[in-house]
Amino acid sequence: MRSIAFLGRGGQGIVFAGEVIAETLFEQGLYVAQLQSYGAEVRGGSVLSYVVFDRDRVENPFIESFSLAIVLHEAGMRRWMKHLEGSDLVILDELVSAELRNAVKLPISRVCVEKGVLGRENVVAIGVIAASGVLDPSVVERVLSRKRGFEKNIEALKLGLELGRDVADRVAAVLRL
Amino acid sequence: MRSIAFLGRGGQGIVFAGEVIAETLFEQGLYVAQLQSYGAEVRGGSVLSYVVFDRDRVENPFIESFSLAIVLHEAGMRRWMKHLEGSDLVILDELVSAELRNAVKLPISRVCVEKGVLGRENVVAIGVIAASGVLDPSVVERVLSRKRGFEKNIEALKLGLELGRDVADRVAAVLRL
Amino acid sequence: MGCSIVVDSRLCKGCGICVELCPARALELSKELSPSGYRNPVQTGKCVGCRTCEMFCPDFAIAVVCNGKGSA
Amino acid sequence: MGCSIVVDSRLCKGCGICVELCPARALELSKELSPSGYRNPVQTGKCVGCRTCEMFCPDFAIAVVCNGKGSA
Amino acid sequence: MVRALLSGNEAVAEGALAAGCNFFAGYPITPSSEIMHYMARELPKRGGSFIQAEDELAAINMVIGASWAGARAMTATSGPGFSLMQEGLGYAIMTETPLVIVNVMRAGPATGQATKAAQGDLMQARWGRHGDQMIPVLAPSSPQEAYDLTIEAFAIAEELRTPVVVLSDEFIAHGREVVELREKVEIPSRRKPRDPSEPPFGSPDPRIAPPMPPLGEGYYVIVTGSTHNEYGYRDVHSFETHFRLVKRLVDKIRLNVDKLFRYEVLGDDDAEVAIVCFGSVSRSAKQALRMLRSRGVRAKLLRLVTLWPMNDEVVRRELRSAKTIVVPEMNLGQLIYDVQRLAREDSRIVAVNKVGGGIPIYPSEIVEAALGGSR
Amino acid sequence: MVRALLSGNEAVAEGALAAGCNFFAGYPITPSSEIMHYMARELPKRGGSFIQAEDELAAINMVIGASWAGARAMTATSGPGFSLMQEGLGYAIMTETPLVIVNVMRAGPATGQATKAAQGDLMQARWGRHGDQMIPVLAPSSPQEAYDLTIEAFAIAEELRTPVVVLSDEFIAHGREVVELREKVEIPSRRKPRDPSEPPFGSPDPRIAPPMPPLGEGYYVIVTGSTHNEYGYRDVHSFETHFRLVKRLVDKIRLNVDKLFRYEVLGDDDAEVAIVCFGSVSRSAKQALRMLRSRGVRAKLLRLVTLWPMNDEVVRRELRSAKTIVVPEMNLGQLIYDVQRLAREDSRIVAVNKVGGGIPIYPSEIVEAALGGSR
Amino acid sequence: MSVAKHFSRKYLREEVLPTPFCPGCFNGVVMNAMFKAMEELGIEDLRNFVFVSGIGCSSWIPNPLIRADSLHTLHGRAVAVATGVKLANPRLNVVVIGGDGDLVAIGGNHLLHAARRNMDLLVVMVNNMVYAMTRGQLAPTTPLGFRTATTPYGNFEPPINVAKLLINTNANYVARWCVSNFHKLKQSFKEALSEVSKGFRFIEVVAPCITYVVRYEGKTPGQKIKELREACVEVKSISEIDDVERRGKIAVGVFKKELKPGYVELYESYASRAREASQK
Amino acid sequence: MSVAKHFSRKYLREEVLPTPFCPGCFNGVVMNAMFKAMEELGIEDLRNFVFVSGIGCSSWIPNPLIRADSLHTLHGRAVAVATGVKLANPRLNVVVIGGDGDLVAIGGNHLLHAARRNMDLLVVMVNNMVYAMTRGQLAPTTPLGFRTATTPYGNFEPPINVAKLLINTNANYVARWCVSNFHKLKQSFKEALSEVSKGFRFIEVVAPCITYVVRYEGKTPGQKIKELREACVEVKSISEIDDVERRGKIAVGVFKKELKPGYVELYESYASRAREASQK
């Protein structure tokens, strides 16, 4: 059993990212469980979305740490700090200020600004994961093709695949079943 | 503890009779409990109203027989036959056809027709009880004076007091505390 | 030919509507009580067959028969 | 004497209503993001003090000052 | 002290007026309507407010509004109306709104037999609304107690800032008995916050209700049925705020169990037979107790006056000696769950269930159950 | 067999459609709305009826009307709406109207935390309405089970002519998992009376529901929520009619407990530690069980799928060996009353209560409670 | 020749007669008008009808009196249940009969929304000006000054004119008659059951409760009918309603009559749009 | 000179700002109009006001935003709670603010009966044409053809014109404005808070939800305001309403303005009758 989490704030497409990951892994033939935590009444509040996956049915989706967590905004972090501390690997957007022994920083938001895909930090992050080979990029593309904003998303995905090359091994290590 | 019950059908003032008895005994300084059973939805159905009285607080008003029961119409009888059978004394209007070892018949309704107090069978019946001395007629009058149809009721009460003379001893015997 | 009324004494509750509304003043409430204890209407005058009594009888207890026929 | 606007960047959510409704076309949304991540209006033309922006700002974020005085 | 001959419904109304109730909103329903009629007659004369609501949803919510505006407020209803009031009741719990709600039980479910007594709403009184909550439920067994417990209910409501249910039934409601009316009734008046900074929705000791700021006095109070912090600000996101709030609200009742739990024990300490009951059935049960003891059976009666919160210790203790426990109820078995939970494992628990037609459970039936086979 | 990635809400809707549900009336409420959205999309296409009611009172009553008109009918809601539906539910029980009602639990009381999972409506699902009554309550622990149990709920509803509650929660509702969809689903179709003389509201064997005459086919059926005899005629006066009716209605569920009671037992037969749970918490509980056993503790898990009626024998038997019983619930303690009632007198019962903020009970917390002190 | 029977009898369940109503209760007259309309329309058998009622005296009209399928539902919920029946089986004629309290106090919201939706129902409101079944409390229709169990000093709450209110909804048909207007009332039933026969149709019948209104006033039922004949003034246009009411009279008439498609028809075309959309 | 602040700020709780609303949400504009009216009336402090709301986005206007006593009640029940507040303490100004779903769908009955009673409340309905808070389902006010989460193929249920409906009740004051009619809307608030200031007062504000209506249409909030300026036509008499609506426009205006005594006044004279009766 492995797990991937996205943390951020409302409006960053955190739940969308979880959905894409879940659908991709599902299409890759795995059992998945995708959960999220957000407040309908709090626009812009903290959001967590994560996917647990396994070769068999997921026994328990209520986990206390993640194999991989990607943090796109500080707002999403505070409530889940214990989870992050216990996680195998945490990728922080470079704008997120936090000290975690198990974290690496990546310039996800900077890439988005620079490459003109502002607001697609979530999809870039998916690309980062896909770079590890755990997600099959062609399946990710297929999943994205069923959703809105396909073209921009594909651009962002590509940027992520590139950005993720440096951490691909570490990501693969924590995610491989 | 003693008890007085009225049985009849809706519209005969059965509950009214219970009320008058209860208030009279209350004003005579006794503890009373007055209960009734009727259906709000069934106009003209069977009605039971009874009063339990005692020198001390009434322990249990849910009794399975009465000291005295007065039956003004058959409609009220059937459901409570066991109660009547177990009662000390039952007074039946002469139009009520029933065989009970402990019953006497009185021409209550006939008196009402003859003396022009049709519909006051209930008050005549109160008079019958009062004839025993267990109810103080002057208190009954006072109670009736607070209610509608006072004059006719006083007439009916008087008729009852007369009609009750013959059974006064038997009534007194079962009701005296 | 005249009309006459038929009263179902099982249903009539002696409300008197038929009597009061009969334009021909053909009805009266009987002095005697029915088995259910009500005074039923009886015909005491000429019925003109207007069927007012039928229409307003709330207990479906009265029917008007004209020329041997019930309501249309 | 002219009027000018004061924007509370803590409250402004960059909805653009003030900019779109300003009859004097005096406002624009800034290129930069506020700390809360929104583009706030900035004054780029002459404000005639009509207070439309104030009335329609749904986030109570803009105020118009004419002759050094806020809204009446 | 005045004595009056009152029906249970009249006694409830008299009790409410004695307790200073000055607001009533309700919707007619048999067999509770006479409470409403009484209040309709009395409140306008006495400077109080009375309103017939358009339905029970309106009634309970009007009562909530009135309570926040400073009134001592009450409603009364029966089964179907009580079902409709459940959401409002939950809101009153969440917002800590003092109010008294009288449910005069009749035979259900649905419209059932509207004029016939029953005791089928016990569990609903405890659990009828969604979410975590607890409210006091009091059950009178006579008009006298209907009077006393209505007063008591107001006292609890005001002291603990909580809705309180008075669970009456048609026998009590329409039965008339002698009631001793009190001359003077003292109900604690509401504590206002010392100053606007004192939190109206928080208390360091959960057993003590926070002060209640009345509307219109400059407290700028924020009342919400959503999860809120000590000052009333909504917080629908945090675990801590929610857990702290609902835990405190439940503890406010649960931890006051000693204060709230009223019961009556009669008979032999070392009883072999125990009768456990509540409400009007207790009258028969008392006679049954006397009958049993007169036959030489060591017997006791445990009558619960407070039906919620339950004092597990007391019930356990009182039932310890009993080999046979009879639970007569005018329903198909509700109080019996508590007895099963708290009685000795090896005791024989006998249910006497009877409901409908306005026929009470008679003493002989209880005696029979105690001595003979189970039903 | 098709596999799909579905949220619990979607799975409920898919289950309903698979079971032939062709009528849905509802009122939006978080976190159940997606069930409604799904039905809004699918039913018009498939020849069914969908209507957004003006409120939850309307929704449940529309469902009742539709069911009598022959539809397989459902509604879905959450806490506040469930509270409002209680009266209607009681009517459905009294009139033996088959329907399925899904309650997706969120943190209450009142509006509470609308988007956060909880399990606080368990007792309400059992007891929320007035009068004597009993209905089946099923609790899924995953989208797969949400699908399966919704189908099951329709089968029970149709067979026993009863409303059935499916008690989901926000975790299940919004969590997406892999669900295996069935190709063919058989739901018993309603039995019509052989002829108009066969009583539609009476049955010699209480375990068997009477036949249900659909409207519009010349049965001249009389349906009423008041007490009625075998042929539907109202009788609000007689004890016998009322008692016979409500007893039969309760027995219809109670005596079918063997058929209705579903549960899962994992672990050691002779366990010293037992975990008793239901719903989404079971997922953590299963992991906790594994953790305990891997530490050498003889442990078992008893997961209730059917929450009502309760099979006392099964629960008693399964808990017999346990010295310590852990009851993790996303509420302040509800299932625990059953455990107290049915566990050995000398067992140590440890509650793990946690609710709010969308934070689940974690396996480690259950393990800790099992091994260490109580919370 | 068989003994003549009242014309309503063929629509009734013989076994439950006599009615559960008080002597003189106008509920029976409302029934007569409806049955006369049915008779004139040639409706012999009610097997395609479903009657739905709530709780109240008038709710006993269909259940158990009328020999037809009927649902006696919760207080206030008849219109909601009827909506479910109609949508689940649109070929049924669904008729709601109920009291003023039932339909407008506790049930007001369902009435309003059924009218908004132009739901294909005929709703008959027996306005007896009081809550009769629960023994005479205030109804939203109780006239000013009237003493009831809950307004012992004389009602001060302004009453509602339900029919007038419903004009401003999407209802197809709105009529109001007094029980004394037998023929006009019958005519409305005929229209609502045939001519318009779709969408939401509302007929209010002013029929004061004998026990808690008429007898309180010291009148007999027959006298009340005569009084109503004077008091009920037919209006030909909506604007006259207020005038009539200002004169202390009761405005009656057909207040609205349209032939817009009802909800069922609208739903059906919606559903075909849905099917098209999904085929794309 | 202190830094200038928006005029609404003095009525708001600073500590809860920014608002919980989406960027551009018209709820804030409705608040501005109300606060402007208060400012012009010289109302500096809201301590004699009690605001009551139900559940919905617009229900957050009073709670927690407005610095005043406020009750955030159950979905649909605000008017009932407000009634209780008013009757228990008649000196308070009680204002209900809520959504179209809250006040007219689930809360329709309370609205209707408060209007019937001419209850002394000001009710402000923010008609955003949709259930916003629960993420965009059908409201009773949703225009025909509009796609929502529960009418994915385009709404076919005829919407309700709430203000028009309430004309035929006993309400004293009924007005309807679009959020674009800032000055007229403000004027209505002034009337309802001073001139008439008794009985039941209802102000509907058409203010489409930015997230589930305006953005769906591909428009910006500013564009929508401009569009509404064209679409909202003021009527001078009730009979014009239908004409305007037939032209696909939104009829706005003051539909009704009377000065009948409100419920509280009626109750007070009832109570004095009661006292007299009991002294006899």
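Labels for the chains are A, B, C, D, E, F, G and H, by order of writing; each one numbers its residues from 1.
Simple rule for what comes next: a contact is a pair of C-beta atoms (placed from the backbone, for glycine too) under 8 Å apart; a residue touches a chain by one contact, two chains touch by 3 or more.
Keep in mind the model is a prediction, meaning the values are calculated, not measured.
Summarising the inter-chain layout, the chain whose CA centre lies farthest from the centre of subunit G is A. Ranking D-H and F-H by contacting C-beta pairs places D-H first. A separation of 28 Å divides the Cα centre of subunit E from that of subunit F. Here the spacing of subunit C and subunit H, counted between their Cα centres, is 58 Å.
Separation between the centroids of subunit A and subunit E, computed from CA atoms only, is 53 Å. Work out the mean CA point of subunit F and of subunit G, and you get 38 Å between them. Within subunit G, contacts with two or more other chains are made by residues 21-22, 74, 76, 105-106, 108-109, 112-113, 134-135, 140, 151-153, 267, 270, 274, 277.
Multi-chain contact residues, meaning those touching two or more other chains, occur in subunit A at positions 39-42.
For subunit C, the set of residues that touch two or more other chains is empty.
Residue ranges of subunit E in contact with subunit B, taken from their complex: 5, 30, 113-115, 144, 171, 174-178, 280, 283-284, 286-287, 290, 358, 360-364. For subunit B in complex with subunit E, the touching residues are 19, 22-23, 26, 31-41, 57-64. By the touch criterion stated above, subunit H contacts subunit G in their complex at residues 105-106, 108-109, 112-113, 116-118, 140, 151-154, 156-161, 164-165, 167-170, 263, 266-267, 269-270, 273-274, 277. Note for the complex: subunit G touches subunit E at residues 55, 74-76, 105-106, 108, 131, 134-135, 137-138, 140, 149-153. Against subunit D, the residues of subunit H that register as touching in their complex are 1, 3-9, 12, 17-19, 21-29, 31-33, 36, 182, 210, 220-223, 225-226.
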